[in-house]
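Look for subunit A in each of the two complexes below; its partner is subunit B in the first and subunit C in the second.
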Partner chain A sequence: MMHIIKKNKFLLLLGIVALLLPLFVHSKFHLNTLILLLLFATIAGAWNILGGYGGQLSLGHTIFFGLGAYTSSLLYLNYGTSPWIGLIAAAAISIAAGIFIGWPTFRLKGPYFTLATIAFAEVIRLLCLYWRDLTKGSMGINIRFEPGLSNLIFREYSSYYYFALVLFLISLAIVYWVDRTRVGYYLKAIREDEDSAETLGINVTKYKMIAMVISAGLTGVAGVLYAQFMLFFEPESVFNLNFSIEIALIAIVGGMGTVYGPLLGAAIIVPLNEILRSSFPALSGMNYFIYGIVLVLIVSFMPNGLMPVLKRIPKKFKSRKKVQVSGSRKKTAS
Partner chain B sequence: MLKLDNINLFYGEIQALWNLSMEIKEGQIAALLGANAAGKSSTINAISGLEKISGGKITFLGKEIHKMDPHEIVEEGIIQVPEGRKLFNYMSIQENLELGAYSKRAKKDFKKNLRMVFDLFPILEERKNQFAGEMSGGQQQMCAIARGLMSSPKLLIIDELSLGLAPILVQKLLKALVDIKNSGITILLVEQNVKQSLAISDEACVLENGRLALSGKADELLNNPHLKKAYLGM
Partner chain C sequence: MTLLQTLISGLLLGGIYSLISMGLNLILGVVRIINFAHGELLMIAMYISFLFYSTMGLDPYVSAILVIACLFLLGIITQRFLIQPILDTPASTKIFATLGLSIALQNLALMTLSADHFSVRTSYQSDVINIGELAISIPRLIAFIVAISVAVLLYLFLKKTMTGKAIRAVAMQRQAAYLMGVNVKKIYLLAFGIGSALVGLAGAMLMPIYSVYPTLGTTFVLIAFVVVVLGGMGSMFGAFFGGLIIGLVEALSGVLLDTGLKEAVYFAIFILVLLFRPSGIFSLGKGAEEVGLK
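And then the complex of A and B:
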């Protein structure tokens, strides 16, 4: 851990700022944006393991998010089960759903997995919409406001912020682990050329499933945070296709297959979305228009996302410095 | 060592291999020859488990392997160097080689194998930190062969070794194949370049339209009038 911190002084500074932020930010709007930023960074980070590292484009990640939210909330409302236990149940149900989707589709080549995630998300949305006895359908799930650590419901937004921060750090640590171990290596090989990875003897299905299990579990846990923070949700809000696309876009804009890309993507897209939404209340759809233009520009000019571009900046700076130093040495010598 | 017994392979309704039988003996270089669409790649994909056969059987060192998954077949000791190299272009040479050592047997011999491939292709050691995609075609082919060798194979299958390479580089690679054979690894060489591949091979099989047209000792085939006429234009 220490060597990571030593290597990344900027990250250490960022961490300190993140810890102290609620002491200086008191506006509910800003705190809400920060919580959503961390939540989206967590989900995009989870998506990144499967989509960014493994190259498996999921456009139905809301399946796991929504199942996580419903699992913990229904356990809490119907059986009084603490959302802390709900976190585990949510992860387990999301993982089970991930295995259910991945098992048949990961063996096939082509876009079947992507199509299956979209279809499955729609099936689950309709199921939650019409299975009113269990899910209350379109009336949605209302969680009583009973603040307390055991209920994972807080009066202060800052508490939610810290919870979201911890969750994000856990997801970051997992992505870092994936990036630095053989799992990440094999996933990248599968992403680059699945046939080639297969001829080398890499158990392609196994590693896709590992990525799926981690990704689905993390997303399910993020769904619990969302439910406990919003205290109300319905099928349309948690199983929305646009939401799935937004998760993927955050990782794509930030940099797929990079550790910090999802955080960077979320730091751009979430505030942009929130600011645009609040800036054009009269002009319905204007926020989506500007949001779309920004995304098209980023994807057009930086197809690998922002992170690889940012990574190159210090290198360029160093090489310029070297050129300057060698130039001044030559002058001194002459 | 490897025996194909009456295998049939279909792509949908199209039959690519018709009751194909052939055998590869241990410690040899065997050439699998044929024109485009003769069924060469289908044959080696069937051996590697990338395509499932619908009839017949494939045995390797006495063990049936045609129902195994590709990763299990690699574990048995068969590795394929695919056509067009198929390196991981955005990974370094070193990383590509590390990925070659996926099987349990290979992990054990990682250091030894790495030294062996660097001795065989010194340029790879010099450029081990360079992206594979930045190398020349010949160097990429060396890397692809080296990646295959990292898996400690008993049988190395090489698909279209000479594809897109200058003759001088092909000569260099063919010489390396003889060195690999001499180290005890059996090689199945799939080629369209009949003359050059037969020159280093011990035995050869010629495919035509998914069927075995000719087989025998490489030097005998080199003097076969049918082969000369069909493939060498002589």
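And then the complex of A and C:
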């Protein structure tokens, strides 16, 4: 752990700022934005494991998110189960759904996998709307505001902030682990060329499934936080296709298959979204219009996202310094 | 009798789905791109049709030719400036480029035209042909007949004309077609243009039946994907019959199960087809990656 921190003073600084932020930020709007930022960074990070590293571009991640939210909330409302236990149940249900969906669809390649995940998400959304006895259909789920640590409902936004921060750090640690171990390398190999990866002896389905399980579980847990924070949700809000796209968009903007890409993407997209929403309340659709344009531009001109661009900046800076010190070594400096 | 009525309604609905899906299928088969913005092209076509109606009083059937021309141009522009630059990038890039276009267009419509529903009023709109107890809506019947004609004409165009053959050659083997002197880029432009023109025609035929609103595309594009996958990607008749099947399934499950479940039923069928026969029920059993025109 120490070597990571030493290597990256910037991240350490960022971590300290993140820890102390609620001491300085009191406005509900800003804290709300920060909580959503961390929540989206977590979900996009989870998506990134399957989509960014593994190249399995799911547009059905709302399944896990929504199942997580519904699982813990229904347990809480119907049986009084604490959402802390709900977290585990949500992760379990989401992972089960991930395996159920992954097992048959991992055979499909490229866009066909994406289409299948959309179809699964639509089926679940429609079933959720239909099965009113269990889910209350389009009425949605209303959780009564009863603050308490055991209920995972807080009066202060800063408590939610710390909860979201812990969740995000856990997800970051998991992504970091994936990135640095065999799992990440195998997944990247699968992304680059599935057939070659298989020829080299990688159990393609197994590693896709590992990515799916981690990804689904994390997303499900994030769904619980969302439910406890919003205290109201309905099928159209948690199983929405646009929401699935938003998750992928954040990872793509930041940089697919990078550890910090989703955080960077969320740090750009979430505040942008909140600012647009509050500045142009009359122009509904403005935020999504800009999403669409950003998506087209990023995909066309920066298919690897912003993270690789950002990484190059300090290097350029360093190399420029070197050039200044010794003008004769210009060529090596590049 | 009600069952027969349901079947006929389903078939007519299926005709509309076929009409929308054939354009998507052509683009998928030739340019090999999953065009998520297809639904938005339909939405735009219907708005244009409505515009001709509200400003010049043109009947949607009359202005159809103008709508087709507009959409053909729009398709060419999309292909030239959005798709062509990213043709050689991984599948993920292409998916998200058209997805981005879809979101942008949909929300541009929402911003500029509001979420209101617009519809045209024509004298024949609610006319029906009565055969015994059966009632057949005239605009839906017209859409159905147009769908059949399009399927046949498209088939003849692809089989008999030089351009059609070139399109099929590119769909089968881009490299080989290029070596045989086919201008691949031009064929892509043409295929995207025709695919969009077809959805323009679909939009014109739909205007007397449905009202238009910004998110209309999402519903139809998902159905079109279901139809295309069911019928077999690249197969024109597959798309036609796939549309009819989905129309029937929708109508029947609405009656037999519950109207709230009819969409879930065809998505379930979609998943089953993807899993067990990804090349579609009308194709010759090639792998899902093998999309060519038949």
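One rule holds for everything that comes next: the second predicted complex is superposed on the first by the 308 of 334 C-alpha atoms of A that agree within 3 Å, B and C clash if a C-alpha of one lies under 4 Å from a C-alpha of the other, contacts with A are read in each partner's own complex, and residues count from 1 in each chain.
Convention: a contact is a pair of C-beta atoms (placed from the backbone, for glycine too) under 8 Å apart; a residue touches a chain by one contact, two chains touch by 3 or more.
What you are looking at is a predicted structure, and each value in this text was computed from that prediction instead of being measured.
Of the two partner chains placed by the overlay, neither subunit B nor subunit C lies in contact with A:V213.
In the superposition on chain A, A:L50 contacts neither subunit B nor subunit C.
Of the two partner chains, subunit C is the only one that A:N242 touches; subunit B does not reach it. One of subunit B and subunit C touches more residues of subunit A, and that partner is C.
When both complexes are overlaid on chain A, the residue A:A119 reaches subunit C alone and has no touch with subunit B.
Contacts of A:F289 after superposition: subunit C is touched, whereas subunit B is not reached. In the superposition on chain A, contact is made by A:P111 with subunit C only, not with subunit B. Shared-chain residue A:I141: touches no atom of subunit B or subunit C. After overlaying the two complexes on the shared chain, residue contacts for A:V224 are found with neither subunit B nor subunit C. Remark: subunit A residues 55, 57, 104-105, 107-112, 114-116, 118-120, 122-123, 126-127, 129-130, 241-242, 245, 248-249, 252, 256, 283-289, 291-296, 299-300, 303 touch subunit C in the complex. Residues 185-186, 188-189, 192-193, 195-204 of subunit A touch subunit B in their complex.
By the touch criterion given at the top, residues 48, 50, 69-71, 73-75, 79-80, 82, 86-91, 95, 98-100, 102-103, 147, 151 of subunit B touch subunit A in their complex. Residue ranges on subunit C touching subunit A, taken from their complex, read 34, 82, 85-86, 89-97, 99-111, 115, 214, 218, 222, 225-226, 229, 258, 260-261, 263-264, 267-268, 270-271, 274-275, 278, 288-289.
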